[in-house]
Structure formats: C-alpha cells, structure tokens
Amino acid sequence: MESNTNVLPRPLRGIIPPLVTPLLKRDTLDAAGLERLIEHVLAGGVHGLFILGTTGEAPSLSYRLRYELIERICGQVKGRVPVLVGITDTSFVESVNIARKAQEAGAQAVVLAPPYYFPAGQSELLEYLKHLTLELPLPVFLYNMPSYTKLVFELETIRAAADFPGIAGIKDSSGNMIYYHRLQSLLKDHPDFSLLVGREELLAEVVLFGGHGGVCGGANLIPELYVELYNAACSKDLSKVDVLHQKVMRLSNAIYNVGQYESSFLKGLKCALSCIGICSDFMAEPFHRFRRAEHDRIKQYVKELGITPER
Amino acid sequence: MESNTNVLPRPLRGIIPPLVTPLLKRDTLDAAGLERLIEHVLAGGVHGLFILGTTGEAPSLSYRLRYELIERICGQVKGRVPVLVGITDTSFVESVNIARKAQEAGAQAVVLAPPYYFPAGQSELLEYLKHLTLELPLPVFLYNMPSYTKLVFELETIRAAADFPGIAGIKDSSGNMIYYHRLQSLLKDHPDFSLLVGREELLAEVVLFGGHGGVCGGANLIPELYVELYNAACSKDLSKVDVLHQKVMRLSNAIYNVGQYESSFLKGLKCALSCIGICSDFMAEPFHRFRRAEHDRIKQYVKELGITPER
Amino acid sequence: MESNTNVLPRPLRGIIPPLVTPLLKRDTLDAAGLERLIEHVLAGGVHGLFILGTTGEAPSLSYRLRYELIERICGQVKGRVPVLVGITDTSFVESVNIARKAQEAGAQAVVLAPPYYFPAGQSELLEYLKHLTLELPLPVFLYNMPSYTKLVFELETIRAAADFPGIAGIKDSSGNMIYYHRLQSLLKDHPDFSLLVGREELLAEVVLFGGHGGVCGGANLIPELYVELYNAACSKDLSKVDVLHQKVMRLSNAIYNVGQYESSFLKGLKCALSCIGICSDFMAEPFHRFRRAEHDRIKQYVKELGITPER
Amino acid sequence: MESNTNVLPRPLRGIIPPLVTPLLKRDTLDAAGLERLIEHVLAGGVHGLFILGTTGEAPSLSYRLRYELIERICGQVKGRVPVLVGITDTSFVESVNIARKAQEAGAQAVVLAPPYYFPAGQSELLEYLKHLTLELPLPVFLYNMPSYTKLVFELETIRAAADFPGIAGIKDSSGNMIYYHRLQSLLKDHPDFSLLVGREELLAEVVLFGGHGGVCGGANLIPELYVELYNAACSKDLSKVDVLHQKVMRLSNAIYNVGQYESSFLKGLKCALSCIGICSDFMAEPFHRFRRAEHDRIKQYVKELGITPER
C-alpha cells in the first residue's frame, strides 16, 4: 500500500543508486531502457532510488523531460522503495516547482545541492535553505558536491540546518573523509539525520564507522555488489568487506577511468549499461557517448569483470 | 523602423549595459522600475542592452519570469538599440527555448556562457557549440566567465568557433587582459567579430587597443560616464580617458566593495539604483538586498560620487 | 647496536610522529624541549620519527638550524627507532645536501615532497625523481601534500617511481581516501612499499584496509593514543578502533580548530605541547604562536581532554 | 662613480629584465654566457636588472650558486644600472642572509614574494613583512606572484606595508589588471612607490595609465623592443605603442607557447637565447631544456621574428 512507503524511514539506510537517465535523443527518454533499469536495480535489492542527480545528468535535461521522468519512475516503482528526486537548481522557484511535481507523483523526498552559479557565502546559503525548506512539500536531503557546485556546505551550516524541519540527511559527494568524520561527530545527537556517502569507493569505511549507506553510481550496473558490501559492513564482517571493497575498486578503476575528461565516470557507466543491454548510452550535451575506441575498452572491461544483467 | 534594427551591426560596438532585473518579490518583476531603468540607460546614450546575464541574475530567475522580462524589454525598447538576450543554461534544450522566445519578441542577438554544472572538456565544449549554433535563430555572442562557470573558452576553442555561422563576437568577463590580448591577435583576420569586455575597470585599455566596447555593469547607474569613456578611447583622447577611467575606478572601489561576499558587486549596484529612485533593490535568492548598515554606506557613496538620475 | 637499526624495516609500519621543531627564537632550537619531546614520544611506543616535515616547519627554518636538528635528534635517538628526515626543497642540490647530512648523522631514510615553487608537469616530476634518487644515500619516502606543494604525485607517477631503487613508500597527506584506495590497488604487487597516511583522522580506516601506519601530528602530544589505535586496527578490533578513533576526532576538533587560518593545526599543536610542559610554543615566521585568547582556549581543551605528559 | 648608483631612483622607472640564470650543469654557472647576457641587455638600454627571480629559476638553485651569481653580476654591472636581487624564501633567516650578501656585493635593492610553502593569512603576512623589513639592509620591492606562491598580497596588506620604511615598490606578476588599477588608486598618495608590471603583455597599458615600468622576461632576448615600448608609452605615442605592443604579443605567442606545461615560458626563453648564441639553455630541475622537436620550433620562430644579438 502506497501510504506506508510515503513515510520515509528515518534515518534512511542502505544503497540508493543515483539513477542514470536513459535517453534516445537530446529530449527523448529511452522509456523501455528506463523500465529495464528500474527493475534491474530493484531486483538487486536496493533500498531506494535517487533520480535527477549528477549521475542522472539532471542539469542537462529540459524541465519537460525531468517532469516526465519523475512521473514515469514513481509510476513504475509504486512505493516498492522510496524515491528521492533531485531539485537542485540555480532558481529557487524552479526547485520548488520540481519538488511539488515530485510530491504529486508520489516521491518520498527531495535532494538539494547548493545553487551553483552565484558564489554565495555560507550565511547566504543558510538563509536560502531556511526560506526554501519552508516551501518544500517533502523532506530534503542536502547534497554536498563542491567540485561541481563550487559551493561547499560548511560544517557549521549543516549543524544549523539540521534543526530546520524537513531536513532528513546529507549525501556527501565531496570525497573528503575528514569532512565526513567531522560531520558525523557534529551530528551525533541527531540520530534521525541520514549520513549517506556519494562516492562508492568510500562506502565500506563510511558504513563501518556508523554511516547509514551510500548513493553509489555503480549500483546502476551491479546493484547487488553494493547491497552485499553494505550488509557486510553493517554486520562488521571485515573479511567480506575487504573482498567486496576490492571488487568495487576494480570496477571503479576500470569503468570510470576511460577517456580523458572528468566525464569519464558518467560516460563509462552509461556505456557499460548499454553493453549489458539495459539501456541506451546516449548522453545529453555538453557530453556525448563514448566513441568506438573507448566503447570497445568498456566492453572488454565489462567482460573481464563478469558484469551481466542476470548475475 | 524595426526591420533596420534587426540587422545587428557587425561588429557590434559601444556600451551595452548588462541590465539588472528589477524585482518586487521572488517571482515578480518591478515593472515600473524596469521601465524607468530602460529609459534611464537609453537616455545615457548606450548602444545596446544585454539582458538576462550575470548582472541580471538570470540563473536565479524562473523561466516564466525570464520570458516575461524578454517580452517587456523588447516591447519597450522597440528597436531603438539592439537587445541581446542571455541564453546560458545547463540544458541545451532550455537555451534553445529562450533563444526562440528572444527572436519572437524581437531581440537582435543572444549571449551564451558555457553550461556551468558539468566540467566539459574543450573538445566537448566545441562540439556543444557546433550543435547549439545550428539551432539558434539569432546571432550569438560567446560569454567568457570562468569564475562563475568554472569553464573557460580556451583560445583555440574560440578560434574554431569564430568560423561557425552565427557567432558574432565575445564578451570576455575573465578580467584577464593577457587572455584578451591573445584573443585579439588570434582574431585579427575576423574584423566582424566583436570583442567586448565585461569588466568596466578594463574598458579604457580594451578600447584604446582596438576592442569594440564594453558590457559595463555601472552603465545601469551612470550610463553616460561609460559612453563618454568609450568615445574618448575611440578618439584616442588620452587625458580625457584618464580622467574618466579614474571616475570608473572610484565608482568600482566604492559601490562594488561593500559587504564581505562576491555578491558585493550585484548588491551594491542594485542598492545604488534604489538610492537614486530607479528601481527596487530586491534580489533573487541565494542573495538578499543589503541590510541597513551596508545600505547606508552605499547611500553615502552615491552622494559622494554625485550620482543622480538626471545628471 | 646501531648497525641493526640502519636496516630500515620494509615495509615500515606503525606510528611515525612528524616531530614539531621546538624553538626558543627565530633561529635557536629549544634544545631541552626537543630532548623532552623525543623521550615523550618514544615512551609512548612510536615506531619511528619523521623530522623536518610540514609539522616540523622545515621550510621556515634556516639550513644551519635544520642541520643542527638532524644531528641532535639522531644523536639522542641512537637507533632506538628509525629516523626519517625531510629533504623537500625547491633546489635539487639542497635536497641532496640535507640527505647526505642525514646519512652522516645516522638517519635511516629521507622524505621528499615535490619541489613546490615551479609547477612541474608529471613527466618532469618523474624525471626529477629519477635523477634525484640516483644521488640519495638513503631510502626515500614520497610525500604527497598537494595543498601545500600545489603539485600532486599522480597515480601513474607513483607506479613508475615505485620501481626506482631506493623508493621505500609514500606518506599521503592529501586527505583523499579515493586517491589512497587507488594507490593501494595500484601497488598491491609491491608488498615492501609502505603506505603511510599523513592525516590522523584517517588512520583507522587506512590500517583497517591494509595500510602500514600513520604520520600523525597528534602523536607529538599523546603518542600512545595513536599507537593503541594502530594496534587495534591491525588486530581488527572494531569496537576498540571506534572508541579510539572518536578520541582522535575529539582532539582534532578541539586542538586543531582554534584560530582562523590554516596554520591552526600547527599553532594548536605547539601550544598544547607547551601547556603540558614539553616544549616552547615559539613558531618560525610566517607564523607566530597563539596569543592570549587562543592560548587559553587550547589550555582549556588540554584539560578537558585529560592530556598530561605522564599519562 | 659607484656611490651615485647606490642611491636607488625613487620611484624606480623603466625596463628591468628578470635575468635568466645561464647554467652549464645543475650547479655550475655558464659564466661566459652570463657575461654576454649582461652586456646584451645593457646594450639594449635597460634601466636595471632583477636577478634571482622566477625567470632566474632562483628557487631551483643552490644557495652557493645564488651567492656566486650575485657577486658575478654586481661585479660586472659595476653600478651602470641598479641591480635588484630576489630574496624570496620560505625561511626568514635565509632571506636575510641573501639580502646581506646582496648589499655586500653592491646591489641596490631586493625583491620579495611571500613565503610560498605555508598558507599564511594576510595579517600573518603583514607581520612577517614588518619583522623582515627591519632586518633588511636594502630597499625592498614586493613581488606579487600568486600563481606560484599561492599567496596574494591583498590590497589592504600593500596599503599598510607601503608605509614601512624601506618598501620601494611592487612588481605585480598577477596578470590581473583590475588588481593593478585598484593598487594604483590606493597608492596615489605614495608617489615614490614604484608600480612595475611583471607580465610584458601588459607593459603598454600599465605605462600608459601611469605605471613606472616593467620586469619583462622578453627583455633578456630583445631588450630594445621593451625599452622602445616603454618610451613610446611614456610619451603617449599611441600609434607607436600599438606597433610595438603587437611585436611583444607576437614574441609571446610564439616563444612562450611551445610545449605543454607552464614551464613553456622559461624553456622557450632560454632556448631562444641559446639559438642566438647568448648563453646555454640548460635548466635547473625540476625542468629540463627543450628537446629536439621543441628546440626546432623555437629556432624557426627566432628566425621568423628576426631576433639577432646585434640588431
């Protein structure tokens, strides 16, 4: 029954893949691919879905397409797991618009990185958060992504924001474990505040040290690997953690490191998904899918790593 | 007659203020203030208007409001000077949408900074430009603004793009005069390509060395100062240039340096415009208008600098 | 017998404090404080000493004083643990000079960050390493410290350098655990290559995941805390690791976070050492010791954390 | 008579080449090349010499070699023009040592960039300057070089330091003309304070707007070009300025842009000097001279630009 799932678990725990957005053309969803992708990750045991994030290429998509995506995904997931919708935008009003759409469609939460054009100061950012959370119809996860937004959520800003109603946790994609450890110290009296890590290479240590889970791009491809690693870390099974963490590193070193630009992560992930028949590897501008040479390397890695949709 | 003005001068020359966007509330234009602002700058003799740029807070505005702004401004200007419309967006499709709107409303050109979320490589950026210019119904000015977009138009990228049909020039807001001089060397065989500088502190030298003009924020406030400086530099009147350049520096050192954040420029400009009765100083999030202490300092500077709407 | 200790353990394991340099004046060692400091950390069970690193303020010291320090420390340690001497310098020749001095004085290894003035490319850096290691009379640890040197040892550079004779390991102070995990994957066929972490907040996870130890600034102050954490992590005692890691975080959040500049770490550490009577808190320019207000806060933290020289 | 030249002109004006350091080997001066280089630039009419700067590769040289260089140059120049000696160092004591050596050898001034390892705050930097200037036996020029030192002299720091006894001016190599214009506004009541620009591409505008001269790397190669441009700008001869500025840009675009690293400037300059028979192109680590392909391109450019030692 949908009403149950509308109560977001607090804290949210587990593996929440940042879903890629399958595309056929610049402004056309790969609807069949999207359907396969959703069933693929749900079959892998993931604990939620995060759509319209960086991995979902959200900033590159038209609003029309973003709205279509929200509807299709919520309609297909039907409350089987919580759906978190990215509302990051440089425009306050557009963030609210997406959040309302998400709520209407049946999503459970929204995710917000700082507005990423103007370099706001921390007090400006905190005031922005205070105003915005008042307008949001769903709980919100902060999304720390300084390499792309240029703007970090500083620790004191998060400490202050953690007391705003509706703030449910943070997805930290800074890759900075010192920041993460400080954050955890700072929020030890907020047991309902989810600490999720955005870089899968750090999932093992985050969960071992008491974090709540990860938003792992690779879980689009091999969801069960990340779910197993999460479970092993929860049960403090260090030797199993070690084996699975090595697998995560092998995937990361192979699939995310082809090509010369920072887009390697996204291109490799979409390319690998297309190699195993899940969805198209078309990408929204300013990126483009891997061309032949890179495609062939990814195909070879997918084979070597034994990635198949049916594992 | 409107048909005449639809032929954009090539190269475009002169002072083209990056218009601030007067707001009454988060999603409500200050329509009366906008009207006064337009007549104020046109009375000062400016050679064009650039709307929906950084100074216009475009990324912080809803699309609805951006569209309303385009219509109102084109409707009021009625071809008296060319109107250039900012279409910078992380989404290719939304950039095209704004450009079409601009063309329908009667604008003469569009202005485009690189998409500012994903860190594209230069070859990706060039391919993006190639695809996008094919879809644009108006000539386009590139907008180099690395501090906000994180992505520079490298010199070789501009050299290649300068041959695409529809590329009319560049607005360089990097503040980097070495980059500017190299650009000018590189494009000396493109006499129709406009070289406009985005930082008013550099207007004097850019025009003295053969550049075509400036997109000067301060021209919202004292349009005739920048027009006179432009004219003096065109006619190589060095002693007049020196006097007017000192005035520009005094304004910059006073009005743009109150407050502790990088938003000082925008806040100071809107605050000064409200002090002289042109328009509201309301700002879109993540910024907010200056509070009392800063407002009083700006008011004092406006008085000391002798800024009045009727000069 | 000294000859035994001249055989550096391969890989070097354990806690190797980056020794602060006690000073009485700009160019005068606090010799008595230095003696107390050495005995204090050796009594805490540390596995080596790293002198003339960042924590030792090496770049701020005259060469005369650096040479005096090497002699005094090696003379006092007398082979009880290996001494590693920082030879980082912008001048190749001066690096070699310090290394020779270190060898003469009886040190076991040297430590080298990239030359930190000119922005060398990675191939230039690798060639520099190839030439330099030929001239060094002692094994060398690479020191990755991009925030201070501006120059990172990229993974491929380390992979290539790991095969040079005389390269004994790396001290990674980047704070970047993804980099660290990639490094470990890359060097899994170099079992003698030491992987040491330079940020104590990351010691627990580095050792849990198979790293060899840490160069922990806080081990100047409470050496046995870091030694116990290292031992707990080696024996996979997760609940003990958790308790001790929390203590490390409390120390870090308190002692290293007073004052507004990046020098807080160094100033806090020297101040705390002076509060417990180990050595002077005088600092070499461009820094200065904490003044009254900050000193009092550190004193209070030292009391709250129960730090005493005799624990 | 030497005593006359020991009175440094205030403000110092004109073209002061940052001398390259001719080397035969890692720690061996090319003494004959150095002699030719000095006579070459003096014959070109330069107004001073700046040795041991970035272009002189000072941080890469041993102290022994730096001291030898100071003696040789002062001995050869014999007061024909002022000699300015770079004393930038991470160690306060070593900066003082070099300054004393410079004074003994007969130099007229020293040049100081911020200490470049530790990230000092501006108040720390100002205190460092206050302490250091007390110890210096010669007037000092500040050297703003943020890309290499990571530490900028902020405007307020310079305003405060300008009142310290012994501060004679600034060499601004930031390449940031907005910073430069603000500096000039700020110091308009310090007519003796020299404003020198460190990037030759900006020499023309700096002098046109009232600056005192330039520290131009290219003046090692074609000293008279920069002297003529300086003179033309002083006499406000805009058409001559334009022609000469274009020549400077052509040299910069050719000679400084071969090779892929930031070291292109230095490598190209030394290579070109060797092509015209002035001195060796050997470079101190971490750099190395251009290899064949790049050398041949520089040789071709030298020919195309008509650079000869006897022009």
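Labels A, B, C and D are assigned to the chains in the order they are written; within every chain, residues are numbered from 1.
The criterion applied here is as follows: a contact is a pair of C-beta atoms (placed from the backbone, for glycine too) under 8 Å apart; a residue touches a chain by one contact, two chains touch by 3 or more.
Everything numeric in this text was worked out from a predicted model, so none of it was measured.
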{"item": "For chain D, the least number of touch steps when starting out from chain A", "value": "2"}
{"item": "Per Cα centroids, the chain farthest from chain D", "value": "A"}
{"item": "Centre distance in Å when chain A and chain C are each reduced to the mean of their C-alpha atoms", "value": "37"}
{"item": "Inter-centroid spacing, chain C versus chain B (mean Cα positions, whole Å)", "value": "51"}
{"item": "Of all residues in chain B, the ones touching two or more other chains", "value": "none"}
{"item": "Inter-chain touch pairs (all)", "value": "A-B, A-C, B-D, C-D"}
{"item": "Residue ranges of chain D touching chain B (in the complex, touch as defined)", "value": "175-178, 181-182, 185, 199, 201-202, 204-205, 208-210, 236, 238, 242, 245-246, 249-250, 252-253"}
{"item": "Contact footprint of chain A on chain B as seen in their complex", "value": "26-27, 54, 57, 59-65, 90-94, 97, 114-121, 124-125, 127-128, 131-132, 147-150, 260-263, 284-288"}
